[in-house]
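All chains are identified by letter, namely A, B and C, in their written order; residue positions are counted from 1 within each chain.
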Amino acid sequence: MSSRRILCAALFALAGAAPAMAADHEIRIGEINSYSRIPAFTEPYRRGWRLALEEIEAAGGIRGRKLVVIDRDDAGKPANAVRIAEELVRGEGVVLLMGGFFSNVGLALSDFARRYRVLYLATEPLSDALVWSKGHRYTFRLRPSTWMQAHMLAAAAAGLPARRWATVAPNYAYGKDAVAAFREILQGLRPEVTFVAEQWPPLFKIDAGVVVRALAAADPEAIYNVTFGSDLAEFVREGRLRGLFEGRTVVSLLTGEPEYLEPLGAEAPEGWIVTGYPWDAVDTPEHRRFREAYERRWGEHPYMGSLVGYTAMKAVAALLEKAPDLDTETLVDTLEGLEFDSPVGRIRFRALDHQSTMGTWVGRLAVRDGRPVMVDWRYADGADHLPPDEVVRRLRPAE
Amino acid sequence: MSLLEVRGLTRHYGGVRAVHRLSFDLAAGEVCALIGPNGAGKSTCFALLSGLERPDAGRVRFAGTDITGLPPQRILRLGLARTFQIPAVFSSLDALDNVRAALLARAGLDFALLPRRLRPLADEARALLARVGLEELADRPAATLAYGDRKRLELAMALAHRPRLLLLDEPTAGLALGERFALVDELLAIVRAHRLAVLFTEHDMDVVFRIADRVMVMDHGELIAIGTPAEIRAHPRVRAVYLRGGALDDAETSP
Amino acid sequence: MGFFLVQFLTGLASASALFLVAAGLTLVFGVTRIVNFAHGSLAMLGAYLAWALVGVLPAGPLGWWGGILVAALAVALFGLLVEVVVLRRVYGAPEIFQLATTFGLALLIEDLVRVLFGPADRLGPRPPGLAGTVILLGEPMPTYDLFLVFVGPAVLGLLWALARRTRFGVLVRAASEDREMAAALGVDERRLFSAVFALGAFLAGLGGALQLPRETLHLEMDLEVIVEVFLVTVLGGMGSIPGAFLAAVLIRELEAFGILLFPRITLVLAFLVMAVVLVVRPQGLLGETETGSGPDPRLLRPLRPAGSRARLATALLVGLLVLLPWLVPPYGLVLATDVMVFALYAASLHLLLGPAGLVSFGHAAYFGLGAYGAALAVDRLGLGTFPALALAVAAATLGALLFGAVARRLAGVYFAMLSLAFAAILWATAVQWDELTGGDDGILGVWPDPRLSPLVVWYELVLVLTVLALVLLRTLIFAPFGLALRAVRDHPVRAATLGLRPGALRVAVLAVAGALAGLAGGLHAFAKGSVFPDVLHVARSVEGLVAVLLGGLHGAGAGPVIGAAVFVLLEDWASRLPWWRTVVGGTILLVTVAMPEGITGGLARLAGRWRRRVREAEG
């Protein structure tokens, strides 16, 4: 071991740590998402927030300052997300963090945010814990949570004759929350319902043939599905092939979102009751304006990811416009109760639990001209699918 | 009482009778050669005696203890050390550390965690190196030593445990003629000085007849003759095995 | 009854595709002795190629089957290219270099697939004519699965015929059974190796392509496949094709029926079976015993204690590191902490790879045990930082002792594969035993005690612990214990006949390495405030290997530290690039192929040359 060698290493170490600080004429925010792990959602998501960012830029920035987004890929790994968050906050000087797709990433970022007192706006992660059991001052969430979407679906499921139910969900935070919420709400509405089987395939590692066989063996009258992405595609294919869905109603989270629905093509299972996004049929003026702008900018129709990304960036812009300064505590105080306009209408971040009132669409799957679509849909406003305030207050730990 | 008692020692590999019903005795201080053509089972016999292989049948007693099937470490502790046909040294260590490594177990230091505990071993290691004529090469990595020096080094390592019986598997193979006899003479001096018993295999009949008190001949795993060098030379079966006796006659006529 | 029959056949169908890929790996291993980490990547490439080809070829049976076949052939061609350009250079190298080289290849291939086919998940169409189901004893069974049930045995039969009935087969068998003899028979080794590798790649590509209608293609397939395939080949016996078939069937049936009994431990089950089999039959179900490969020629230089200049330089560096908080911005300190934790991890691995000569391919096991030990101590037991760290060390040590007790007699590739399996079991446990570990959600809120939590304090603590641990490691290596280890590594048989106990020494060194890796894991948990199953993942094990190889295998501690620093900084920089895998993979290839002595070795060589030139200029 020679001294030269050691000095080389030391210099290398120092060089890697060069500071990068924000200039005064710009506001930096950090965006962390699973761009390489679930591009079907996150690529449209990125296009969504880019579109919003360009609109903000065109309107002269945030009170004359340029809004700069530093976006990073966490590859779907919470450990990566935490590392990147550390880098963005300590190295890049961002004023807030946003993003996250997987619930475990969201929860990890939320833990980081609490620890380092940084504002974190969870855009997609659906885990209830994020704003309830593990909620805290520094984390907010945009999308309707697992509980809210399960509530929307359970309301529909309660109207079905089925009493013997089975569930299939990926074995991580989101899947577990989604099943627990659905069971609780459905059994609350119909106490005679029983759950006869549950399958927990590891996320994105489903052995669909075997899972389908195991579900069929329990012979449920209806099935509640939480799998998505590649797991969903395999589950649907094997389930159809093996007749699992014949004579059974399936109630399924998120399956109506074009990012998951379109890959199924003509194999999409008709009749499933789903939450999703009928992008071509929603015809409010604010949504039409968003859809046209998006199609003009990117040459493709919007996906749910596009809508979430766009809305999230608009929320951030509304926050930064309104906040008197960029201190985290000020930002949090401002975001509590903040209202802003979005393609789905006016949304509010509840001061009570930091959950936004953004809703989603509930409908049935159908195949039209070989293309899967949502029919008989309605927009379910998030505000209508939340537990009473005193329940929420009990769910949230005391600060 | 003899130092080593071998009774019915047997080891088969599949259909090959590598060692078959081998029985012999060895007295303390005796120098005995084990000869036989390639594949006769000499190295396997050594592996059985030193605990590297378990016999299929038979018993071995060493210094009054039954050592059949004991692990090599236990057998060594009783005073039976060995060298290998292809010199087995620790290539990445220098010569001194090779001997120190050989001394570790005897000194009970093999799990010692402080570097300075190695220091007291240096003197003894150097003495052992000197005994085989390697003191000049103490700092040389074993991998860079000449073949003959590696054989010497191995001998020093085997001596580190102050054995009563040395098994030497072809101690002079691969050495040049002059070097061969130098090594044999040194060996003989050491053996006599410490009253060591030696069992060695050897293809060079000159070496065998020069130092062996007694010679054993193996063929196809079996012992076919035991006797003094003179008896062995005259033994008809041995002559037959050694291709018309050529090798034996050569040995007779060489200086 | 029908239910069980169909479940059984479904298991067989999955086994077929797995067997194809595994047969390729085991064939290549049998002949070239290379454990190809990129074999799963070849399967992935085959699957994506098939997806693309089936998409562009005219619909219909011809297009579909043509697409599958052409994809497999293309992978064979690609494999040939890889063999000629890269693998040829590492045939003689020790196992770890081969593993690292092929891991680098895996990273490159993943980026290649990403560029060619995009990052999105793909599900291929079903083959025309085999898209439906048939009813067996009243249960629906997909016809394609039924077809796959026959593919495995058919390929097994073809490979058998190839081995017994053709000249190529005779040569392959000769080369796998006795290399010297094959050489004596006048076998042209280069061409034979190339051909075998191409055949192995073909099988991988075919196995991947045939999964097209059953499995969604995604970019993490490569690692997923390779871990399963390792499992199958080791379980079946490295180099044994019938063994691979048997093991594939065993694993898949175990999963098919295990999911009915224990739906939540399917991942653990398979690895558990493998561990049990290896303990009873270290060479796998149908494998031949393998004598460990000889000592690594790159290590055949004596270690020398540091000279006074190096000591001075080290002291200066440590002094500089103590002052670092006042020299760099906070993020620099975060990075420096990462570097030190990783250096400790790499150094503990280096103790095994270098002085002890044990190819640990699952070192993440101890890192992860430490990380989870610390996290659970905080989360469940409410312990403070130091007791939690102690528990981290204890958990990892215990794990190492357990593994050592099982693996003490194994050598070479088998040791490597069992260590991989051990880490995989722990990883699967962490993923599936979510009541304890939180599963994929991990354990959050693992922050150090308030008085330790300011960044500067934490950094200095990590610095002190790391330096102490490294000093301890270095001391050990030069102590009698280290000498005994090196002796055992160089020649275990010789060591045993000199009274040293290779088994006990191995267990002891595993315990030490495990303890230090556990400490690194515990520090990591506190530094990040959270623990996820990725601390146990095979990628983490490989990262450690890469850091050690980057630094240089030879030496007594400086190498892994430098390697870790370079690796962490390289990764930190490269992870911002979309093609970071190419950067990291390329670096690995460069080091293993062009600079096998690592950075320390390479620099030492340059320094030697420079000194010589100076001397010549003076003289």
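Quick notes on this structure:
Just so we're on the same page, a residue touches a chain if its C-beta (ideal position, glycine included) is under 8 Å from a C-beta of that chain, and two chains touch if they have at least 3 such contacts.
None of these values were measured; they are calculated from a predicted model.
The touch graph of the protein chains shown is a line. More contacting C-beta pairs link the chains of A-C than the other of the two pairs B-C and A-C. Separating the centre of chain A from that of chain B, both taken as means of CA atoms, is a distance of 75 Å. Averaging C-alpha coordinates per chain places the centre of chain B 42 Å away from that of chain C. Chain centres here are Cα averages; for chain A and chain C they lie 33 Å apart. Contacts from chain B toward chain C in the complex involve residues 50-52, 71-73, 76-77, 81-82, 84, 88-94, 97-98, 100-102, 104-106, 109-115, 117-118, 141, 143, 157, 160-161. Taken together, the chain C residues at the contact with chain A in this complex read 3, 6-7, 10-11, 13-14, 114, 118-121, 123, 126, 132-133, 140-142, 145, 213-216, 218-220, 224, 255-256, 259-260, 263-264, 266-267, 306, 309-310, 312-314, 316-317, 320-321, 327-336, 338-339, 431-432, 434, 439-442, 444-445, 447, 528-530, 532, 534-535, 555, 557-558, 561-562, 565-566, 569, 572-573, 575-576, 578, 600, 603-604, 607.
By the touch criterion given at the top, residues 295, 299-303, 305, 475-476, 478-481, 483-484, 486-487, 489-491, 493-501, 504-505, 508 of chain C touch chain B in their complex.
Residue ranges on chain A touching chain C, taken from their complex, read 1-10, 12-14, 16-19, 35-37, 39-40, 43, 72-73, 77-80, 82-83, 86-87, 90-91, 103-104, 107-108, 111-112, 115, 134, 171-173, 176, 198-200, 202-205, 207-211, 213-214, 217, 229-231, 233-234, 237-238, 241-243, 263.
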